[in-house]
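The letters A, B, C, D and E name the chains in turn, as written, and every chain counts its residues from 1.
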Amino acid sequence: MAEIQIKGVAKSFGAFTALHSVDMTISDREFMVLLGASGCGKTTLLRIIAGLETPTQGEVWIGGRRVDHLPPKERGIAMVFQNYAVFPHLTVFENIAFGLRMQKMAQPEVQRRVNRCAELMHIEQLLKRYSGQLSGGQRQRVAVARALAMEPEVILMDEPLSNLDALLRLEMRSELKGVLAESKTTAIYVTHDQVEAMSLADRISVMNGGHIVQSADPVEVYRNPAARFVAGFIGNPPMNFLPARQTGAGRYHVAGTDVIGPDTDARIEYAVRPEDLTLTEPGQGLSATIRVVEPLGAHILVTCDVEGASFRAIIDSDARVKPGDRLNLAPMPDRVRWFDKETGLSVQ
Amino acid sequence: MAEIQIKGVAKSFGAFTALHSVDMTISDREFMVLLGASGCGKTTLLRIIAGLETPTQGEVWIGGRRVDHLPPKERGIAMVFQNYAVFPHLTVFENIAFGLRMQKMAQPEVQRRVNRCAELMHIEQLLKRYSGQLSGGQRQRVAVARALAMEPEVILMDEPLSNLDALLRLEMRSELKGVLAESKTTAIYVTHDQVEAMSLADRISVMNGGHIVQSADPVEVYRNPAARFVAGFIGNPPMNFLPARQTGAGRYHVAGTDVIGPDTDARIEYAVRPEDLTLTEPGQGLSATIRVVEPLGAHILVTCDVEGASFRAIIDSDARVKPGDRLNLAPMPDRVRWFDKETGLSVQ
Amino acid sequence: EVLFWSTQAQPVEETQKMRDEVVAGFEAGVDYQAPESGPWLTRAQAELSAGSGAVGVLGGLHGDLTAVRGGLADLSDIDISAIPAELAALGKLDTEQQKYIPWMQATFLMVANKKALAYLPEGADLNALTYDQLIDWAKAMAEGEGGPKFGFPAGPKGLKHRFFQGFLLPSYTGSTVNEFRSAEAEEAWGKFRELWQYANPASTNYNFMQEQLVNDEVWLTFDHIARISEAFNTRPDDFVAFPVPAGPKGRGFMTVVAGMGVPETAPDMAEAKALIDYMLKPETQLATLRATNFYPVVSVDMPDDVPASVKASGPAIATMTAAEDALPVLLPMGMGDLNGQFNQVYVDTFEQIILAGREIRPTLEQQAEALRALMDEAQAPCWLPDAPSEGACPVN
Amino acid sequence: MSDTVTAPPSVRKAGRWVFISGVVLLCVWTLLPIYLLMVNALSTPEEVNGFPKSFIPSFDLTSLRFFLEFEGVLNALWNSIRVAVVTMILSIGLGAPAGYALSRFDFPGKEVFRFLVVMTRAFPLPLLALPLAVMFLRVGLDDSILGLALVHTTLALPFAVLITFSLFSGIPFELEEAAFTLGCTRIQAFRKVVLPLAAPGIAASAVFAFVISWNEVFAAAVLTIKNRTLTAFLMQSLDWSPLHLKFAGAAALVLPALIFIFAVRKYLFAMWGIANR
Amino acid sequence: MPRYIPYLLLLPATVFLIIFFLYPFTQVAIESFTSNGSWSLANFQKASSHWKFGEAFKNTMLLAALVVPIQLAMSLTMATVVQKLQKGRSAILYIFAIPLGISDLAAGLIWLSIFEQSGFLNSILVNMGLIEKPILYLSYQSPWVILFAIMLAEIWRATAIMMVILVAGLGLIPREYGEAAEVFGATRWQRFYKVTLPMLRPSLQTALILRVILAFEVFAVVIALGGTQMPVLMSETFNWQFNLQDRGVAAAYAMVILAVSVVFTLIILRALHVPKEARS
């Protein structure tokens, strides 16, 4: 049982508040992904859970035990550090074995575990090297292997795959998920790669400026962002926002067309994902002027002007378009979302 | 004029050869992206260009001048290090100003440039902090700003945005491209993010095990990979490969259907990108059994069994599928590629 | 200005007095420097081998000057008629030339805290003490006070070797060198071992007995007069000085001499000699006595206002030298470079017999060999109290 | 769910107390002897020789004043400072580049050099003083601040090399590389990056060089006549002086050294908390 | 980077040491190997056959063996303490560094004033009524007490330099490694032993070599507290040079000190060697 409960945890560095009263529960065996802008406090939160940082306020419980005052070693955790922290004075093998040696594990078992984790991370041929002889991505994989070898109850991973190429990442990602599921580990995983987040997470928590903004399953977060921040943050590129002018109860005027929206008094915004747009006939949908065209492989990303606002759409790369062209973009109706202009919260 | 020419550059660390005779030309003002698996020698190549590593063999020319024997300072370059190398004893401001101070630039100009680059990287409110007080992503941005402030002829960037969230990355990416274009800088950019590579690059060079495998414009690399390695490396997820049995001149049998292919004697493989597949009627296309379903937001990634081989497809997330379902996948015909089984090279 | 490079008057207070009260009167000016013997010797040797230097006058004990005799200029042209001839002869350092001019002299005395007198053995006369009485005295005191009150300067800088060479051995054997391993010598060491039982064990750290006298750690001791002066000067009424004890062969005592030489590299030979002349003036010699507690080498009239230490030691020395059984001993002569090693033989004997507790006879045999080897090497003829010899002074 | 708390705050508090008392103990251990020295230096001669001794000084300045009124004390102090500063500059100036070379380059002869440099310190100086003095007398360096500083540098240099070597080794080369790409020459990179980061190490070897020079007696006594250093001035004759003067002299010597260490102590910590993360 | 750069950097120090060390050293070394103008080992024979040689050698080694490990432990403790402190760090560092400024002559004097019969130790014991009469500690009859006093004085005097070097070295170890160790279950002690110490090796090496070499040259403190009771190699060197005035034998003694230092330095260099690859 390794449920993690974070109760009203706050952290200030001098005058700067990195975390504002965070509440969060990660159930046993859950794979929780933390997403958030750079500097929003993800690392700080992990460090508090690990016991490397003392919270200014609040409590941390792991597996029903209050742990704030316990040293990291008694919390049953392992961690992958954002900057690896691979020991330079130890070989890769000894790095991975480090935690096991601390537990005075027998050599054959150490050997077995190290080899297994090294294989998992594709670094089995590097076991004799020192960290100074590794590339960035190799070092990062050592850091991950070191944490996995511990087979901890809780694993905290701070952007563990950020320096790997897409292919390896894809592979590592599914290996990770498999291994962690098998060992019934509760995981908190920080990433900035949304594909990774979507594909790994049982649940995604989105952080912003030291707050948790939404905590839900991946599809929900993607489809129904609880706040404008989440909508503008998740998705690559993220949702487009357009001002909406109310023309009647539940009726709005957006970028030249009339749309049906929620019946509310608040000033609200119209939002749609770039991939939820299709090209349509002139006269229909939102009319846009292309500014930039970026090829993405199978698709192209066009950045356009819609009523003076910047607006992105992803269309099939077969469409031969160039900057200056005019497009008509029709949103899929059930994919349109609305946000309160003041509170930033989603409006149904 | 800052054309970079790399002529037969090789590098060994003891018995290990990290680079095998690399030849490459990056034209003046070109934005070249280096892609490659972790540990394939990207950083090593950059370090050789920068003058931080002496090549075991070969020559490096920048702007028509042979520079192998010159110290980094005389090569007119700036570099963003994979692990930042932000000076811990200087504030963010002084870090960014570091290179300018070396040039004895006047204080107002220093101030102007630092502020500009800091704004560009969204770190203007951190100028007084020390690196120990920054998050990973913030540190990385300082490293980028420091290189940009130099306004060098050549800028070398080693995974400069790897620790940033998608949104910020998107923004930084286009800012970077704009700034570098404006200042007419020749850029080499290492990334493992293919979207980034596609959207930034004038040209992409794909490396593998110390060799340059393909060097071409992004669409070309994506659409017409020169080698199986590139095909299997680029794309997220990458191309699918299926064995093809020749049934006649230019006729092949692939996963239960007959296909027309190149007329060659070599044993070749059939390849198609996951996103170049559409759902079709039973009886048509490749028949597949779903093993894993991963939501990606607008789409879902399904991993299937096709004749015992693993096969991935990206389909619209509206398709309600679950593991165990049988699918029929039709490849877009002009998107099918063929590779020689022996040499791994593309076959037309 | 003449640089007076001297091993004497090293205690800072004495150095200061030398500067302020003794050499200040020399017109050309004097820079009086009193380094430790290590730097003193190193610099002297360095200047001699470099062939140039700053030192005008070298001051030191007989032994110090012996070490640099090769580089000392001949001072025969200085008028030394006021100095007793046998003293002046020491300054020839076994050459034809006057290598150094005697500067001042001193000897060793016994000192007792007045509290110690209560334990003086019956029938013993302070002015005619014997070694046996000294032992009884030290014993009585140790028993009466619950701890040894006799002290002996056996520290690293203590002048213990002089005690053996000039006092203990001659008193028992009538000789310093000849009878080194005789039965009498064996007896002498046995007596000393007896006495040592009642000596404060900290004696091996004692260099200047005045410190232990002043802080009452020691009530009865033997030392160089310059090294007990402070006791009399700080607590004039608490101590008495008296002659050294006598043994079967008499009351052996040794006079030590300090001298002044001029290195051949002296920057201004004439001025250096002038300084030596000045140092020999009776007034200067008196001032030197006040400063250092070393006695003049020329005859002077003692004024009444001399320091307490001089007042105390003067009569004791007079009594000692005039005693019926007085047995004067000279400083080693002709030992040259081996002076130090000659002293070391006596120190080694002491350390082995007394401190390490080895047997007396074998130790004496062994050290006698060492002594003989030294005498052979130096080819030094005997000096008082040993009878003059042809060639190297023999160790019987 | 249980509320068991394995290490209650009281235990942590106890640990804290153990720590604090340990620190206090260590402080007492270093300070007490100094205090006793000061007690002796500030007592009357009678008190210094008396028993039992008082642990509170009577603040009698006779002994100290004896030294302070010594003719030329100020001059000697000034000489000492000059010699020590020159020694410091020379040993860092010559030693730091060597330490840097040893920490940053791999070249044939490196280990041998390091070893030989260390070995120069394993030979007793008093024996070297004679040939050195002869040399100095011949070339006219005798009795000069520079001459003495050169000898002291011989003593301090091996340590400067060794200390700077070990500390430069602790600074990631990568930071320097970053500086190279930002337009620094090696020297500039050293000055702007390595030096500030190595400040504590440089300060340590500077303090050490200073202290070595400050406390060195033998060479000072041989090589200086008119330009005596304070140590040669006071210390050479302390062994022969009465106790109270010994203590006063020792105190007079120790004090300036303590002031110096106090002055540079902040450099020992220069980059603390910044370099550390 | 041009190949000659490291040599260029070593040049000033090398030239300096050749002039001011190697030149005089050669003269002394030659002196040790010559006797009456011809090559011989007579000086070494004379030195080693003297009855004090063995004792001096033994005492020197014994002192080093007793003092250095304790100093190592203490300096590590002090450095760690200093690093741990949040408040008053620079004050404590200063206090710990104080003995650095104290010459060995002064240190000997200070400890003598504590241990001598009428010294501070006896004063306090008498004042507290624990003893009636002052005890004699530094007697030739109790060499172990003398040894102990010398040990204390040496430890007190010369731990600071090690501490300062280690403090500086500790400051350069990035905190992240300690944190990583902590997360991977290392106890305080393990963290120290498995991470801090190995990463501190260069500084440890320096501190140890420095300390051991100086330990073989102990002199003033030993003389102050032990008188002639505790001959050490250095005091014998002095004795032969200045009292017995046999420069050849003194030079031979110095060569012995050098040889011993060479051996121990090599051992330390070997034991604390950091492979090139393992440097950060």
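One rule holds for everything that comes next: a contact is a pair of C-beta atoms (placed from the backbone, for glycine too) under 8 Å apart; a residue touches a chain by one contact, two chains touch by 3 or more.
As the structure is a prediction and not an experimental result, all values here were calculated from the model.
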item: Given chain C and chain D, the chains that contact each of them; value: E
item: Common touching chains of chain E and chain B; value: A, D
item: For chain A paired with chain D, centre-to-centre distance based on mean C-alpha positions, whole Å; value: 54
item: Euclidean distance of C-alpha centroids - chain D vs chain E, Å; value: 14
item: Intercentroid distance (Cα basis), chain C paired with chain A, Å; value: 92
item: For chain A paired with chain E, centre-to-centre distance based on mean C-alpha positions, whole Å; value: 56
item: Per-residue overlap in chain E, given as positions that touch at least 2 other chains; value: 1, 118, 176, 238, 241, 274, 279-280
item: In chain D, residues with contacts to at least two other chains; value: 49-51, 126, 130, 172, 186, 197, 238-239, 271, 275-277
item: Residues of chain A touching at least two other chains; value: 83, 133
item: Contacting residues of chain A [partner chain B, same complex]; value: 13, 35-39, 42-44, 82-83, 133-138, 141, 158-159, 162-170, 192-195, 198-199, 218-219, 222, 232-238, 273, 275-276, 292, 294-299, 301, 317
item: Complex interface listing, chain D residues touching chain E; value: 19, 22-23, 26-27, 29-31, 33-34, 36-37, 40, 49-55, 90, 93-95, 97-98, 100-102, 104-107, 110-111, 113-115, 117-124, 126-128, 130-132, 135, 150-151, 153-154, 157, 159, 161-163, 165-167, 169-172, 186, 197-198, 200-201, 203-204, 207-208, 211, 214-215, 217, 231, 235, 238-239, 246-247, 250, 253-254, 257-258, 260-262, 265-266, 268-269, 271-272, 275-277
item: Chain C residues touching chain E - in the complex, by the definition given at the top; value: 37-38, 41, 67, 146-147, 154-156, 200-202, 204-205, 215-217, 337-341, 343-344, 348, 351-352, 355
item: For the chain E and chain D complex, residues of the former touching the latter; value: 1, 3, 5-7, 9-10, 12-14, 16-17, 20-25, 27-28, 77-78, 81, 84-85, 89-90, 92-107, 109-111, 113-114, 118-120, 122-124, 126-127, 134, 156, 160-161, 164-165, 167-169, 171-176, 202-203, 205-206, 209-210, 213, 216-217, 234, 237-238, 241, 247, 250-251, 254, 257-258, 261-262, 265-266, 269, 274, 276, 279-280
item: Residues of chain C that touch chain D when the two form their complex; value: 3, 10-13, 15-16, 19, 31, 33-36, 38-39, 42-43, 45-47, 49-54, 157, 207-208, 210-211, 214-216, 230, 234
